Amino acid sequence: MLLETHGLVKRFGGVVAVNAVDLAVTEGEVFGLIGPNGAGKTTLINVISGQLRSDGGTVHFAGADVTRLRPDQLARRGIARTFQAIRLFKGLSVLENVRLGGFVRGGSPQGARALLERMGLAARASALAGELAYGDQRRLEIARALAAEPKLLILDEPAAGMNPTESAALRVLLRSLGAEGITTVLIEHDVRLVMGACDRVAVLSFGRKIAQGTPAEVQGDPAVRDAYLGSDEDA
Amino acid sequence: MADQIYNAIFIGSIYALFALGFTLVFSVLDILNLAQPALFTLGAFVALFAMQQGVPAALAVALAFIVCGAAGVMCDRVAFAPLRRRNAPPLSAMISSIGVSLIVIRLIQLKWGPDLQAYPAGTLPAAVFSVGGLQLDTLRSAIIALAIGLMLGLTYLVRRTRLGRELRALAENPRAARILGIDVERAIAATFFLSAGLGGVAGVLYGFATNSPFSQMGLGFELKAFAVMVVGGMGSIPGAVLGAYILSFGEIASLTFLPSELRDAFAYGLLFAVLVVRPRGIFGQRAVDRV
Amino acid sequence: MDDLAAFLAAYQTTIGFIGLNAMLALSVWLTLYTGQLTLGNAAFAGIAAYCSALLTMKAGFPFPLALACGAVLAAAVSVPLGATVFRLRGVYLAIATLAFGEIVRVAILAIPITGRGQGLVGIPPKTELWHIFVSLVVIAVVLERLRRSTVGRAWAAIREDEIAAASQGIPVRRYQLVAFVLGALVAGWAGGLAAHFDFAIQPDEFGFARAVQILVFAVVGGIPNVLGPIAGALLFTALPAILQPLQEYRDIFQGAILVLVIVFLPRGLATLVELRRTARLRTIGAEDVA
């Protein structure tokens, strides 16, 4: 198990956003995290990646307890992430963004260029990150995260705003990451991407994990359908 | 002893009014309006000007509230609103407010000079009376009453009126507030009006109390307000009130062992002690950034 | 050549102050470059000014050693101050440095050895123009090198987006503290030079008004590189000397220019040299931080 959470809890005032969630992600797999809007998926990974402090439970990474570590400490241990609302360094160049991504590895321009090539952004190396089209910005964020040579890559809705061609390319990328020794945790709403890229999926609803399994297993689960469509009692 | 308590309540009330001005803007907009001390000073001088024309003291206070409130709204239009429109970071707004402060204080100085002024003789109540052995005076009692009245009024406004709900929604989540149909710019203008108005009234009241308004009176007071906000919790209205009295009572108590020139040291010491031990203060919330 | 010598002699003080102000502007620039606001650099300069002056006057220290001691003292004081506040949101730094400035001023007024309100008089005038300008050049070169190095690039990332920077492994707090302490060191060096330039110093010279002035230099000059603050200091020191009759309105101009620059020209005068880049930044809404 590369990443494990045990009974992870996060509260905001009176609201329990993450309610005793247990996760176990194996090395090399692509693990999906899905659920209706507001289920707590982003909050969960914010706690895992150190942006938010947990109110209970633990996070273990590569065997060590990392619950109380700061984001920059986690990055040095090999966790990299992208954000739901893209957080690029807008006023810096595309190349500079990727170089900074590789900060913990020295940030060489050559390594950065190679990554840009791989993500199809080499032609825009000297553009300002904020000038890129939306789909390109998402790809840049992923390139920046990969520059850190992470063991665990956490992607928060990477396909949001991408067209079908772009998300197909993303699917290919995600499948290839496992072979490179990178484990991926993915929050996504794009069904085809989740089905095509993930080995296993966990479903969150109202802060609790309500289902887990292969994409096919989870898709057929009635509890999952209810979570997305809402049951009659709530209406 | 009773007199000291009375004094502490009195000075704490003024601290509270002034700090509330900062707190309102901070809670709604997340920025520290460093022009607030200038508005504080402006209040004292608006009243001075009015009273020199024969306006009675009570009316001068009201006038200060209105004029400073309007000045606050103008400040926002000129120095903050354009920054909001392009999502500039809070740093920019703070720097901008410093610029405003420079201009306002210098204008006051050009008209009245840097020296201590005094309100026209006979315009301020000088009556003294006794209540059960306590020596009280009309001036300080009136100031306390007015300040507490304003605080209650503000509390009512924030909790019971539609504007108050809008302000709380804005403080919580500006984007959601907009989607809910709240006229954000109008609510912000109201915030500045109240904030500046309260600051201006605090200035008049302090000016009355010391009977020596002067152009630099805002700076020293500003630091007291910071201590109040840090102790009470940035952005918390009850925190500002509680923090104000904690500071004023603490200052009076510390006078028993500190020489009077170092009276201010208590405020600074408190400020840094809180920053080290419990930075969010009493009611403040740890800043949680949405990612 | 004679004309130049005559010019220098006549304007010696102003030219010296341009250099000193430029160093002070650079000291604030460091913290601004990481996206934070400090109002304490005048106080750091003051601490070093008094320290170095007292060392040369009362303890017979050689001039360079006294300067160094003053600067190091200022930097040493800045460490606990910074460490306390950089773990908190940016607004706390502004508050803490403002409060710190006042504390220093009050402390100077209270400690007898500083001459209290009368200030220190009779400081040996050891600072020559070349001391000031050599210092300025060395500091400017070092800072510009730093800005282009990994450290400086990390600072730029922090300024753009602290959260994203941290998630890439940049230790945000530590780097902000480094910029802050370095700023205190530079301000201290300038303070020591200033004390020995004009043979007397007073507590008011290092108070809030001065801190604001230095801020104006840096902000109006612009933060993209070290030339900005230097240009800002040059403009605001030379101009008042030329526009003597308008001395009274100086604060109003400074305040107005500060607001105008922040609102319309956030990158400061640097904008004029990098028109295209500024236009691109404006289009993507990144002009305030870059």
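We just call them A, B and C in the order they show up, numbering each chain from 1.
Rule of thumb we're sticking to: a contact is a pair of C-beta atoms (placed from the backbone, for glycine too) under 8 Å apart; a residue touches a chain by one contact, two chains touch by 3 or more.
A quick note: this is a predicted structure, and the numbers were derived from the prediction, not measured.
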item: Interface ranked first by C-beta contact pairs; value: B-C
item: Of all other chains, the one whose Cα centre sits farthest from subunit A; value: B
item: Averaged-CA centre spacing for the pair subunit C and subunit A, given as whole angstrom; value: 42
item: Distance from the mean Cα position of subunit C to that of subunit B, given in whole angstrom; value: 30
item: Multi-chain contact sites of subunit B, meaning residues that touch two or more partners; value: 289, 291
item: Set of subunit A residues in contact with two or more other chains; value: 51, 83, 87
item: Residues of subunit C engaged with two or more neighbouring chains; value: 163, 285, 287, 289
item: Footprint of subunit B on subunit C - complex, ascending; value: 32, 35-37, 84-85, 87-92, 94-96, 98-99, 102-103, 106, 109-110, 163, 208, 212, 215, 219, 248-249, 251-252, 254-259, 262-263, 266, 285, 287-289
item: Subunit C contact footprint on subunit A (complex, rising order); value: 49-51, 70-72, 75-76, 80-81, 83, 87-92, 96, 99-101, 103-104, 107, 128, 130-131, 144, 148
item: In the complex, subunit B residues that touch subunit C; value: 26, 31-32, 34, 78-79, 82-83, 86-92, 94-96, 98-103, 105-107, 110, 219-220, 222-223, 226-227, 230, 234, 261-262, 264-265, 268, 271-272, 275-276, 279, 287, 289, 291
item: Touching residues (chain side subunit C, partner subunit A) in the complex; value: 150, 153-154, 156-157, 160-161, 163-172, 280-281, 283-287, 289-290
